[in-house]
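Got some structures for you, see below.
The following pair of complexes shares a single chain, chain A, combined with chain B in the former and chain C in the latter.
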Partner chain A sequence: MSDIKELISAINGNVAFIEGGECLEVQVPEKEWHSFAEHLKNDAQLSFDVLTAVVGMDWKDSLGVMYYLTSTKRGWDMLAVKVVCDDIKKPMIHTVSDLWKVALFQEREVYDFFGIIFINHPDMRRMFLRNDWVGYPLRKDYDASPEKNPVRLNDEIHEDDTVTYVEDENGKVNKVNKKVFEADDYVVNFGPVHPSTHGVMRFRTAVDGEVVKKVDVVSGYIHRGIEKLTEGLTYPQILHFTDRMDYMSAHQNRHCLCMCIEKALGLEVPRRAQVIRVMMDELMRISSHLLSFGCTAMDLGGTTAFFYGFREREQVLDIFEKTCGARMSMNYNVIGGVIADLHPDFVKDVKALIAIMPERLKEYHRLFSGNIIAKNRLVKVGMLPKEDAINYCITGPSGRGSNWSCDCRKVRPYSIYPELKFDEVLLDGCDSYARYMVRMLEIEQSCKILEQLVDNIPEGNIRALNVPKVIKLPAGHWYQQVEASRGTFGVYIESTGEKTPYRVHFQSPCFNLVGVMDLCCAGHMIADLVTIGAALDFVIPDIDR
Partner chain B sequence: MFNFGTWTSAINEALLSVMPEWSAVLIECVVIGVLVLLTYTVLALFYILYERKLCAWFQCRLGPMRVGKWGLLQVFADMFKILIKELISLKGTDRFLFKLAPYLVITSSVVMLACLPWGNGLQIINYNIGIFFVLAVSSVGVLGILLAGWSSNNKYTLIGAMRSGAQMISYELSLGLAILTIIVFAGTMNINELVLEQNNGWFIFRGHIPAIIAFIIYVIAATAETNRGPFDLPEAEHELIAGYHTEYSGIHFGFFYLAEYLNLFIVSGIASLMFLGGWMPLHIPGWDGFNAVMNWIPSIVWFIGKSFFISFVIIWFKWTFPRVRIDQMLAFEWKYLMPIALANLILMAVFVALGWHF
Partner chain C sequence: MEVNIKSMKHDDFKDNEYIDKLVEELNATGANVAVGNLNKLINWGISNSLWPLTFGTSCCAIEFMSLGAARYDMARFGFEVARNSPRQADYIMVQGTIVHRMAPVLRRLYDQLAEPKYVIACGGCAVSGGPFKNSYCVLPGVDKILPVDVYIPGCPPRPEAFFYGLMQLQRKIKVQKFFGGVNRKEKREEFFAEHPEERGQID
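Coming up: the complex of A and B.
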C-alpha cells in the first residue's frame, strides 16, 4: 500500500491522505480531480480501471462525492477518493464519465439527489425524479413538505431536453441545451408498463424500421427513496430494505448490509451463522438464475421453458418458506447472525434439490439452450466487449459472460467463501448467449457449494451473543461488497456515532446493467432489445432504490 | 361409404315440391349460412379449449379446471365475457377502418371454412378451381390485419401490422407452391375430385418424396400464415404487447381471436385435404377387408380427426419453440423455403412425367 501512496503523491502534491479508514483514502482538490483521475486510470502502475461506486455526500458544511476505485490488474485494492465542491451554493465537480463510462448514470443520480453539477457530463438530466421536481432530496436541508412537490397529474414537459455544462479555456462554465433525440427520429416508447421490461422500466427507443438507433433509459417509476428513508431509522430497522431492492438477491443484499454493520462494530459472527448465510446466498442465486432462465426463454416466446424453470424454483422457495417463513422478502439475516434456526427438513430438502438439479439442467439445455432458434436469437447479439464491461462496471454473470473475472467471492473474498471449492464461470462470447450460459453454469457451481456445506453445518449459536441492545456505529465510513445474483452489490455507510446512520448508499449492480442498454442495443432489432434486456437480467427495484 | 349427398338432395327435392326454385334456394342458402356460422363458433370454442389444455399439459400444468368438469365450460364463460365487454372507441383512430378490419378478417376465414370437404357429399362450395379460390380468399385476411394495425394509430400496432403483411405475403408463396406441387400430381383443382383421387391411397403416400417435402413445407408455411409460434411476430407479446390487435376490445377483439383459431383449423383442414385424403378413409389397394373396416368410420370423423391431428402438431410447435426474429423469418422464407419449394415443384413434375409414383 505504501508504494501506491508514493505513486499517488508523485502524481499530485496536493493530494491529502486520510488515515484511519478501512482502505487507502485520499482527498483531492476539485480543480485537480479530473487530471488526477486520468493518471489513476492510465498510469501503468496504478491502473485503477474500475469505478466501483460513486457516493454523493452532504457533510452539512460542504457537498461532495466519494469515489471508490479499484484495479483489476492489482488484486482489486480499493481506493477511496473524496472530492469536495468549492462552492456549496453552486456545487460543481468535473465529470469522470469520459474515463469511466459507468459514471454517466452514477453522476446523474448524484445530480438528481444532491444537485451537484458535473462539468462536461454530456447529459445532465435528472435520473429518477421528474424534471420539474423542486429541491434535491438527499441534501440535509431538503424541505420534504408536500406543498413543494405535490402529486403532479400532468405529463413531464420538455422531456426531450437535456443540458450539458461545458467549461471553456478560461474556466468559465457555460450551459448548453441539447436534445435527447433528433427531430426526425421515430421514437417508440417501451414501458413503463410493458410485458418485457420485467418491471416498471421505460425505454424510449428511436427506431428506423425495425432497427433500434438509440435507447434512452427513463428510470424512477418505482423509486422508494430507500437511501433517504434509512437516514431516519435505526440500524436494525434499515435491514429490511435490502430485501426489497433486488428481491431475487434478498439474502445476499442483506448479508452485505449486515457484514458492513458488523465490520463497523467489530462483531464476530458465529461459524454456524456464517455457513447458514452462505447456503442461503447460494440457494438464492439458484432461484434467481432459474428465474432468469425462465424469463429469457419467455421473452423469446418459449413459454414452456419458463414453467420448467419455475418448477425447480418452487422447490427453492419451499426451502426458504420453511426456514424463513416467507417465499419473498425473507428478512433472514440480522446483525450478528441470522434471525431463526434452520428448519429440521432443511438438510433433506437441500439434498433433494442438489440431487435433481443436474438432470433438470440437462432438460433445460435440451429444450432451450440447444435450440437453433434460441441460439440464432442470442449468439452475437448485444455484444459487450471486455473493455466495455470493465468501463461500465458490468459485474456478475453479465460481466463474466464478457470474460471479465469479477466474481466478488473470488477477487474480494468474504465470509467463508475462501474455504470453499468452486470455479468462477467465465465465458468469452461477450454476447447474450454467453451471459445466459454463465447463469446456467453458475447453478452447477452453486450446487457444488451447497454440496460441500450441507453435511458440514456446525452446531453452535446462530447469532453473536455480544450484539449490543442499542446499535450505535462509531463515527466513520465503511464500504462492503458481496456477490449478489446479478453482480457486485455494495453498501456504503457513514456514521456520526448516532443510533441512525448519517448516510447509506446502496451500489446496485442492475443500475450499471441498464446503463449499457444503449450500447448493446444500437444497431440491433426491436426484438433484440427484449432479448438483450433479458440476458442482462436487470431487476427494476434494484435500479430504483 | 355413406354419402351425405342423399340427405341434401332429399331435402332439396322436398323443398322444390312445395315451392318455386328461387325460394327453395334462398331457404337452403340461409340454412347453410346459419350452419356454417354455428360450426364456426362451436369449432372456435373447441379450439380455444383444445389449445389451452394442450399447452397446459406441455407445461406440466392442468389448464382450466374450475368452470365445469375439467374446465369444459371455461370457454363459454370466456366467450360470454368477450360478448358483453364494452367496445372502446379511441381518440385518433380511423373509425371506419378500425371497425371494418375485424369483419374482413373473420369473413375471409368463414368463406374458407365453407370450402372444406367436410364429408362424403358435405361440400358447400364446389368450384372447379376450388383450392385456388381458397388461396385467394385467404389473402383477404391480411388486408384486415393491415387495416387494423394502421387504423389503430398506435406504433406497436403499426409495427405488428407491417410485420404481419411482410410475413403473410412471403409465406403465401411457399404455401401456394406446396399446394401447386400436389395439384401437378392430382391434375385437378376441384376439391371434391381431389378427395376422390385419393381413394387408392393418400397423396402423401402416393407422391412419396416430393409429396413429403411439400407436406413439410406446407406445415411450416401454414404455421407462419396463421401467425402462430415460432412465427407469431405480428403479435409478439413481449415486444409489441399484442401486435395489430392491441387497441381492440370486446367482440371486435373476439373476432381476431376466433379467426386466429379458425384459421388454424382451416390450414389443418387444407393439409388434410391436400395430403391426407380429406374425408377419404385410409385405403390400401388390395386390402379389401381393411378398407371395408375403414369405411365403417364416418367420413366426417375422418376429416375432423385428421385436421385436429395437424392442429396438434402446429400447437406443439408453438409451445416448444422460441420466436424467430423478423429478418431471420424473412431470410428463412426467401433463402430456403421458397427455393426448396420451387425445386420440389420441378421434382414433382419430373416424377409425374416419368410416372415414378404409385
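Coming up: the complex of A and C.
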C-alpha cells in the first residue's frame, strides 16, 4: 500500500491521506480533482480504471462526494477519494464523467439528492425526482413538509430542456441551456408502463425510420427514497429495505448490508450461518436467472419458455418458503447471522433441485437457446466491448458476457467463497446472446456450489451470541460489496456513533446497466431495444431505490 | 342473499357483511324484471372474464407473473388476459409503490379505462404506502388519487391472497347495477369542473 501512497503523493502534493479507514483514503482539493483523477486513471502504475461508487455526502458544514475507485490491473485495490465543495451555498465539483462514463448517471443522482452541480457535465438534469421538485431531499436541512412538494397530478413540462455548466479559461462557470434531442428528431416514447421494460422504466427514443439514434433514460418512476428513510431508523430496522430493492437478489443484498454492519461492529459470524447465507445467495441467483430466462423468452414472444422457467423457480421459492416463511421479501439475514434455522426438509429439497437442474437446463437450451429466432434477435445485437463495460462499470453477468472478469466472489472474495470450487463464467461475445448464455451457465455453477455445501452444513449457532441489544456503530464509514444476481452490489454506511446511521448509500448494479442502453441500442432497430433490455436484465426498483 | 361465484363458496369468504349490505341496497329500490335479468346476465359475463391492466411497479408484479404461470394459473378464473392498453382492460391492478412521479401516469391510465372500471390495490405499498409510507416522495396509498374497490394486503401478497381479492371483485361485480348504476357516462360539466385546463382542448 505504501508504494501507492508514494505514487499518489508524487502526482499531487496537496493530497491529504486520511488514516483509520478500511481502505486507502485521500482527500483532494476540489480545484485539483479533475487533473488528479486523470492521473489516477491514466498512470500506468496506478491505472484506477473502475469507478465503483459515487456517494454524495452532506457533512452539515460542507457538501461533497466520496468516490470509490478500483483497479482491475492491480488486484482490485480500493481507493476512496473525498472531494469537498468549496462553497456550501453554491456547491460545485468538476465532473469526471469524461474519464469514467459511469459517472454520467451517478453524478446526476448526486445532483438530484444534494444539489451539487458538476462542472462540464453534459446533462445536468434531475435523475429520479420530478423536474419541478423543490429542494434536495438528502440534504440534512431538507424541508419534507408536504406543502412544498404536494402530489402533483399534472405532467412534467420542459422535459426536453437540460443544462450544462461550462467553465471558461478564467475559471468562471457559465450556465448553458441545451436540448436533450435535436429539433428535427422524431422521438418515440417507451414506458413508463410498458410490458417489455421489466418494470416502470421510461426510454425516450430518437429514431430515424426504425433505427434508434439516441435513448434518453428517464428514471424515478419507482424512486421510494430509501436512502433518506434509513437515516431515521435503527440498523435492524433498515435491513428489510434491501429485500425490496432488487427483489430478485434479496438474499445477496441483505447479506451485503449485514456484512457491512458486522464489519463495523467487528462481529464474527458463526460458520453455520455463513454456510446458510451462501447457500441462500446461490439459490436466489438460480431463481433470478430462471426468471431472467423466462422474461427474455417472453419478450421475444416465446411464452412457453416462460412457463418452463417459472416451473423450476417455484421449486426454489418452495425452499425459501419452508425456511424463511415467505416466497418473496424473505427477511432472512440479520445482523450476526440468520433469523431462523433451516427447515428439516432443506437438504432434501436442495438435493432434489440440484438433481433435476442439468436435465432442465438441457431442455431450456433445446427450447430457446438454439432457436433460430432467438439467435437472430440476440447474436451480435447490443454490442458492448470490454473497454466500455469497464468504463461504464457493467458488472455481473452482463459484464462477464463482455469477457470482463468482475465476479466479486472471485476478485474481492467474502464469506466462505474462497473455499469453494466454482468457475467464473466468461464469454467473449460482447452481445446480448453472450449475456443470456452467461446466466444459463451461472445456474450450473450455482448448483456446483450448492452441491459442495449441501452435505457439509456444520452444526452450531445460527447467530452470533455477542450481538449487542442496541446496535450502535462506532463513528466512521464502511463500504462493502457482494456479487448480487445482476452485478456488484455495494453498501456504504457512515456512522457518527448513534443508533441510527448518518448516511446509507446503496450502489446498485442495475443503475449502471441502464446507463449503457444508449450505447448499446444506437444503430439498432427499435424492436431490438426490447431484447437488449431483456439481456441486460435490470430490475427497476434497484435502479431507483 | 348469497352472492355465489363458481370458484369459492359463499361461506368460505371471511367478510360477507359488506356484500350483504350491497344486496340490501340493491333490493331496497327494486328492479324491473327485464332490466334485472339483463343485469344478471351481463354481470355474469363481466365477472368471469375480468381483464386486468397490468400496472406492476415492483415486487408484487413478480408474484402476479407467478399467478400467470402454470402452478397458480389464473386462466382458471378468467383473469389471464392481462392487457397493456387501458382501452382493452376492465380493471387496473396496482401492484407496487406509487411515487410522486408516477401518480399522474396512474391517474391518466385510470381515466382512460372504459366504464365499468375497477381498481385493485395489491400489496402494502398500494394499500397504504407500506414500509415506505414516511418517504418524501411516496403516495400513502393509491386511494388518495383513485377510488379503490378491493385491497389485497401483503408484502407481497401470496398468490392465494391475489385470488381471494380477485374473487371479492367478482362478487362485487355480481351485485352491481350495470344499467343505471356503474356504467355511467362522466358528465361533461363535472369533468370540466375537475379539469378546467382541458376546456377548449377537447370537444
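Note that the second predicted complex is superposed on the first by the 545 of 545 C-alpha atoms of A that agree within 3 Å, B and C clash if a C-alpha of one lies under 4 Å from a C-alpha of the other, contacts with A are read in each partner's own complex, and residues count from 1 in each chain.
Keep in mind that, in the parts below, a residue touches a chain if its C-beta (ideal position, glycine included) is under 8 Å from a C-beta of that chain, and two chains touch if they have at least 3 such contacts.
These numbers come from a predicted model, not from an experiment.
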For this session: Once the structures are superposed on A, label A:V151 by its partner contacts, choosing first (chain B), second (chain C), both or neither.
Result: second
Exercise. Between chain B (first) and chain C (second), which does A:V530 come into contact with in this model arrangement: first, second, both, or neither?
Worked result: first
Exercise. Which touches a greater number of chain A residues, chain B or chain C?
Worked result: C
Exercise. First (chain B), second (chain C), both or neither: which does A:R224 touch?
Worked result: second
Exercise. What is the contact status of A:P195 with respect to chain B (first) and chain C (second): first, second, both, or neither?
Worked result: both
For this session: In the overlay, answer first, second, both or neither for which of chain B and chain C A:Q45 touches.
Result: neither
For this session: Examine A:A374 and indicate which partner it touches, taking first as chain B and second as chain C; both and neither are also allowed.
Result: first
Exercise. A:S405 contacts which: chain B (first), chain C (second), both, neither?
Worked result: neither
For this session: Based on the superposed arrangement, let me know which partner A:G301 touches: chain B (first), chain C (second), both, or neither?
Result: first
Problem set entry | First (chain B), second (chain C), both or neither touched by A:S35 | neither
Seminar exercise, completed: Both partners, chain B and chain C, contact chain A at residues 194-195, 307, 311
Exercise. For the complex, which residues does chain C have touching chain A?
Worked result: 54-59, 61-63, 65-66, 69-71, 84, 96-97, 99-105, 107, 109, 131-132, 134-139, 144-145, 155-156, 158
Exercise. What residues on chain A touch chain C, complex-wise?
Worked result: 128-130, 133, 137, 142, 144, 149, 151-156, 192-195, 199-200, 220-226, 228-229, 232, 240-241, 244, 247-248, 291, 306-307, 310-311, 313-314, 317, 327-329, 540-541
Seminar exercise, completed: As the complex stands, chain A meets chain B at residues 186, 188-189, 194-196, 210, 297-305, 307-308, 311, 367-368, 371, 373-374, 376-377, 525-530
Problem set entry | Touching residues (chain side chain B, partner chain A) in the complex | 55, 58-61, 155-156, 159, 163, 229-230, 232-233, 236-239, 241, 319-328
